[in-house]
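See the structures that follow.
First chain A sits with chain B, and in the next complex the same chain sits with chain C.
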Partner chain A sequence: MSAGLTARRVARLGMLGGMGVIYLALVGMVQTFDGVRLVGDQVTLGRVLLILPPLSAAYVLARPRIVAGEAVKPDGRAALVGGAIIGVTGGALVGLSIVVANGLPERFAAQKIFTSVTPALISVVTFDRAIAPGIGMLVVLATVAGAAGAGLAVLGWKIRRPLITGLLVVLLLSMLQNVFRVMIGQLGLDTAWLYSVRLGGLTYIGAILTFAVPAGISAFWANEGITLRQRLSGATREGQRQVRLLAVAAVGLLLAVLPFLLGSFLSAVLGRVGLFLLMGLGLNIVVGYAGLLDLGYVAFFAVGAYAMGVLTAAANSGSSIHVGMGFFEAVPIVVLLAAVTGLLIGAPVLRLRGDYLAIVTLGFGEIARVLVTSDALKSFLGGAQGLIAIPAPSFTIGGLNVDFRDPQPFYYLVLVFCVLAGFVSYRLANSRIGRAWVAMREDEQVSEVMGVSTVRYKLLAFATGAAVGSVSGALFAVQIGSLAPTSFNILISIQALAIIILGGMGSIPGVVVGALVLVGIPGFLTEFETYQLLIYGAVLIGIMLYRPEGLIPNVRRTRELKEEDRLQDAWSKGAPDAEPATISWEEAPG
Partner chain B sequence: MMTRGTADVVETSEAPAELGRLSRFPVRRVVQWVVGVGVLLLAAYGTYETIQLGRFSGAAWRDLLVFGVAQGAIYALIALGYTMVYGILNMINFAHGEVFMAGAFASYFVARTLQNSGFLQSNPVVSIAILMVVAMAGSVGVAVLLERVAYRRLRKAPRLVPLITAIGASLFLQNTAKGFFGPQTRGYPTPDVLGGTWTVLGIPILRTQVIVIVGAILAMVGLIMFVARTRTGKSMRAVAEDKEIASLMGIDVDRVVVTTFAIGGMLAGIAAVLFTMVFQVVGPFMGFIPGIKAFTAAVLGGIGSIAGAALGGLILGLLEAVGPSLFLTGLGVKGPNQLKDVIAFSILVLVLIFRPGGLLGSDEAEKV
Partner chain C sequence: MSAVLEVRGIAKLFGGLAALSGLDLHVEEGEIVSVIGPNGAGKTTLFNSITGLYAPDEGNILFEGRSIVGLKPSQITKLGISRTFQTVHLFSNMSVLENVMVGQHCRGRAGFVASVLRLPAQRREEQRIRERASHSLGFFGARLSGYRQDQPAFVLSYANRRRLEIARALATEPKLLLLDEPTAGMNPKETQELTDQIWRLRKELGLTVLLIEHDMRVVKGVSDRVVALDYGKKIAEGTYEDVAHNEQVVEAYLGKKAVG
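So, the complex of A and B:
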């Protein structure tokens, strides 16, 4: 029992699994996502959510536990049984609450408090059957899920990883079927074998193939990957550079043709991802590099948007100022203005550290929001009505009129600025300035003693971050052509923060992944939009609790966060179930 | 990489002339004083001009002041939750506004039932007592859950980690409430007896405001007695002083921390019922702005200090109620009341810059 398979723990995890399902149902996710068909017409995302909590609980149960610094693997068969019990318990708890909700004297009395408890929800969780057989089916499925979760944990990583990879690919392809169907169609290929129009999800053959192929590749990589990687690192410098160039070229080509594959509507989503990517890159300089938690980043976004609006808008824009500049002439002015704002906001808060800085910048963000809405500045910024008639740059090439407000040209415009910002960030990180920021982040006093002027470098971080964020705001103004003050609220700051937290503070690939996941998925799959902020909240908590360094961590940042327990962890996780990926991060560049 | 980095940073110190000039000229100080004196002069000039204008009568100022005190009392109650958690864990429980919201929602459903059965109108005192208990239970539940699930394992993490977690928790709770109960704001039923005014010391004051002020004072006195007199209060003070030593003295730190969160939740629950009496609405996002304002009040009074939270709440409430009309009307600003929040946040910024320890706090450099 040293591996923690006690009856108490099993019961607790079972209850937690059940409560997880109930939570997802009450918050409305189960019912909303029941409309998202994954495979065929029976496997919906809503139903997956019904079995996911017990599955995860069982997985947690069967993971090796660290007892006195040593990883103890639970006995396989006992873990499977424990997982199944978790499933039964969780399923029974859910079943019980269905009975209660259904059997209250006034039918659906629960709906008076919980808006999601409707007859429709009951029929979703009972699989469109009568109550008794429906609950029976739920319990059976939960039990299977529990056993499967435990099984996943008990299997070695060489089996687990291909399985999870395959499942994730199936999930991604089926969830984002409106994206991939369009893409594959644009390539002139047939999609009928993969997506069934009649059933609404993947075809069964399609699902099996999309599971098997990535799983196979992943299994091959798990067995041969180390040798391949060794061969790669053993290759000459020239060879390594060629491989890297090839990879960059491939990504570049994909980015260049993406809008044509996706069409206009989905390109607009990509444009939005780009805007947030840009903001994430800017905030990453302030938070990730310099370690200054700025919760008022929306202020710079607003400065960029409004400055661009005022400088370029036509005479009837709602502002008394009329300049009528072109977009490209205005960009340098906007950037300069934002950098100055960054200095102005940065200067008074230099003395503050950590959490106080966060709250003060939050205050600045709110001040910015109130100011743009207020009547006091109405004659300049349009007040509550905002600004209208902001033109988008356009040019004519060979009789073809390119207007940057159209989603596809806009995508390229954003892409250019993102690449620029990414390049600047990358170069900054590896420059003397970047190292000064790191030193300051790790220990302000020591870095001061070592001769880093913290005043100068803090201001520099604020100004640079502000400049990048303002470009995002300026592009936003171009994209929508009118500015409403309600778009500039604290949620923008928190969204940008969530992006860099998910990806990993201080890591540029992390920001890209964060923006794609947190802005892209809700953009592509409209069902997610309602729960976007809920998911952001969960991401912030989950990442900070379980993986503070983010999904694609920055090496040095990881060291800071895990300084103390790193050695012990490496030692205790050691032999039995160690995955090689943890080692490779250590060598990955910035 | 590490060694190279260090070497280059050291290099910077080889430009002593430049650095020396920077450190001799106190840019930061000068900027701070210019900003501070500027703001003060502006406020004084605005006040002078407003009084010259004479647009508001004495009674109007008096009503604004009373409203400010009532508002400040609610801020103070919420602020106590921030200040106690900060005093003990050195973390900003950003989700405390949502703890407040949870109490309001919990009591809302009971209030609705009481209203439908007619009990709320026939027995207003008993009803309010019931609502207080329910709201406290709701808030305490969420506060304790928050501590257990989100904060406990982060006690030794770098300071920004629990703050980010708390921001996430705030967002998560807001949107959970939105999913559970729907996004709309709803009317909160109140006993009709509370309409109208009572005359206190010759001044007619809205009954709700009297109850808010009296209720808040009672709650705060209760809290001060609890912390000063009881054994648990003593262990709370010990843990706030030094967690490790306290645990060596046989104090169960985990229990004290949970108690702290629970007391913060209780006060937030009381604040929630008082708040709904005045504003008569509940909604999933109702906790955010009062939460930030209350935090401002806590910082203004000196975070970690109970009396400071009360004082900070009072000052903030008053400044917010009177400030826009008093300072801004005279400056010719259009729609001064829209800028209420700007005043609150400017106060926060100014306090942190000039007296980071707050009015009653010690000016500890380390804390900031």
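So, the complex of A and C:
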């Protein structure tokens, strides 16, 4: 069969699907996430994980394959059958493992290696039934999932996109039910129709509505969106400006009232998202704009935190230096100090590129960690004990005491700095400086020959990135009130980098989404915390494979590319002299 | 006439190989000079030395009477020397207009504060950069104007990439333009068009041009003077006719063609 529906491939994907399920069960995700009720008490996140691997495997099977340079779509019916067989194979493999795991004698002690294999897990994967009917049900569900996965791939994107949109909205609303339930409740609206109190998760009606409405909108958009978009882009400059202003105002209003809607605990999570967003914005300048891969970004975070700590802490902080400055007086000094550090780290690595730069900066990050822990600087930075007694700024307004360490005021403090950093990034990106950075990223030597002083712009990128990162550190010091040197490890650098890779290098909205997904979701969903690094790894591999430009790549460029065909037609009609285009763009997202 | 560019006895060694050895060359203001020679004769090394990518091991290079040896490429560009590359090196993910705007970079001065606050001076400068970049593209008429300005550079046809490189070099507002095989890979019609344009560079923009070229029709068509290199040395110099009939040149370079 030309489209790759061979028995061999089906069997292999089926096995992969089954092994995926077994893996998720063995690392304990299935059981942990069984507690996350999505719809009613029957659809749990753990159960979704049971059918997701065969579904994905079947989707992969039925995707159009490139054969001799042409995309060949598999035959629809054959693909469905293939998907179902994948489901059966995968389900059977899992069933077999359940039988083996259940039949193992006590003394075999499989639990010593696979600590997650417990009677509780077995009851989760058999849907709280006896072994035989449980496995039967698993196989049936996996088969349906396999056929559904293949079906999704076979259907055109006009049908697939609304379906996936709807499912994602349901997943989002149900996974983040803690957030939305509180928010809707705060607005004084009834949540009982959407979230079931008795069963947990969405109500069935709520689930159907939250699936149908976004799916409908998405379908409408797929059919009518082109005309709407054309009308929007055809609108006058003034009109576009108004639309944009309106959007900014709406987002601004939402951000302003968010802490009141979310309450204290969730605001604290948002504050944490803000800290990482700030770091992401700073790192985005270094990596996204200037193309300098910096793996030691934690150094600037540490400089900011310790500088703020030393400058503002009380006399008994653990440092022999006592300055006792206020937060707002200290911020400019911290930023300046960090910018100088950026120059100091940037200067020796000017000649390095790519991998070599990454390794050297990784070293600088470690040096920062060693320095703050060391006894040599103990009298200044507190050594292994760290610093304590770092005050948070506070003021009293109308008898109301506002302490910026409290989650809600802290959120506003972080928000202000995030907006500021975003503004600076945006303005820099769209200026002579931003162009010089992009040119340098594209081809360092050529940009130098074209008159861009690469030394100067590399140093500027390091200094600016360092300054933004240090603000994040300074705010961190304020939020925690004490600094432990162990907080400044390489994971911080990796997390900041993961945020901009996920969101899209060089894209400010991308950084926002990256921070929300990678810091926000684990923060809102405590079940995720254990698996945070595992999920980071999986997400990064997935992004690198399927969407290396990130979730929200440089928006302007995507828009240009989409508009191109239209403009080209118009141009060639008006100007017969124009050469025909040599490259056409892929029709629609596949 | 005064020499815009004067190369005095430069040598460049790569390991034991002398890419250039004791080369002298001068280019007068308003001249169009072609450098020819077989592959490996040191032509591109000469360009790289003039633009500061290589530091010559010996000798001196004077631009308008001032030594430019030891300056960084960006500083040399700012003084007024610009170039294109033998293998096209565009910023392929930037738009056509942005590519040329990078060329204008060295004629701007807006810094960090001005860019973040969008001070009036910075806005005027940005406007000027945009206009001049457009103007540079306009040198090639409709080829690089209109909707093409907003296309990413990588969608351009091969000939248009070469043109864009020239436009980008023009945007740096040079006095001396170095063209490294500007017609390589172009068809005869495009080659003829570019030959005319090299004339226009001098006539309309008052540029001095030094070019490396393999296509003898182009060399014949544009050159006031031809310099032939072989093994990093100058083996002949003069009008096209002189050089083309020089025995050494025929032997080193055209000879292969004449025999084959």
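Convention: the second predicted complex is superposed on the first by the 550 of 590 C-alpha atoms of A that agree within 3 Å, B and C clash if a C-alpha of one lies under 4 Å from a C-alpha of the other, contacts with A are read in each partner's own complex, and residues count from 1 in each chain.
FYI, contacts are C-beta pairs under 8 Å (C-beta built on N, C-alpha and C of every residue); 3 or more make two chains touch, one makes a residue touch a chain.
Just so it is clear, the structure is predicted and the values come from calculations on it, not from any experiment.
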item	value
Chain B versus chain C as contact partner of A:186, first or second or both or neither	neither
Partner chain(s) touched by A:453 [first = chain B, second = chain C, both, neither]	both
Which of chain B and chain C A:435 touches, first, second, both or neither	both
Partner, of chain C and chain B, that touches more residues belonging to chain A	B
Partner chain(s) touched by A:445 [first = chain B, second = chain C, both, neither]	second
Which superposed partner A:223 touches (first chain B, second chain C, both, neither)	neither
Chain B versus chain C as contact partner of A:545, first or second or both or neither	first
Contacts of A:427 with chain B and chain C, given as first, second, both or neither	second
Common ground on chain A, meaning residues reached by chain C in one complex and by chain B in the other	432, 435-436, 438-439, 447, 450-453, 455, 560-561
Residues on chain A engaged by chain C in the complex (per definition of touch)	423-424, 427-428, 431-436, 438-439, 442-443, 445-455, 460, 464, 557, 560-561, 564, 567-568, 570-571, 575, 577-579, 581-583
Chain A-touching residues of chain C, taken from the complex the two chains share	51-53, 72-75, 77-78, 82-83, 85, 89, 91-95, 98, 101-103, 105-106, 108, 110-112, 115-118, 122, 125-126, 129, 142-143, 146-147, 150-152, 155, 157, 160, 168-169, 172
Chain A to chain B touching residues, read off their complex	23, 26-29, 112-116, 291, 293, 295, 347-356, 358-360, 362-364, 366-367, 370-371, 373-376, 378, 432, 435-436, 438-439, 447, 450-453, 455-456, 494, 497-498, 501, 531, 533-534, 536-541, 544-545, 548, 560-561
Chain B residues within the chain A interface of the complex	5-6, 8-14, 19, 22, 27-28, 31-32, 35, 91-92, 109, 150, 153-154, 157-165, 167-176, 178-182, 292, 295-296, 299, 333-336, 338-339, 341-342, 345-346, 348-349, 352-353, 356, 368
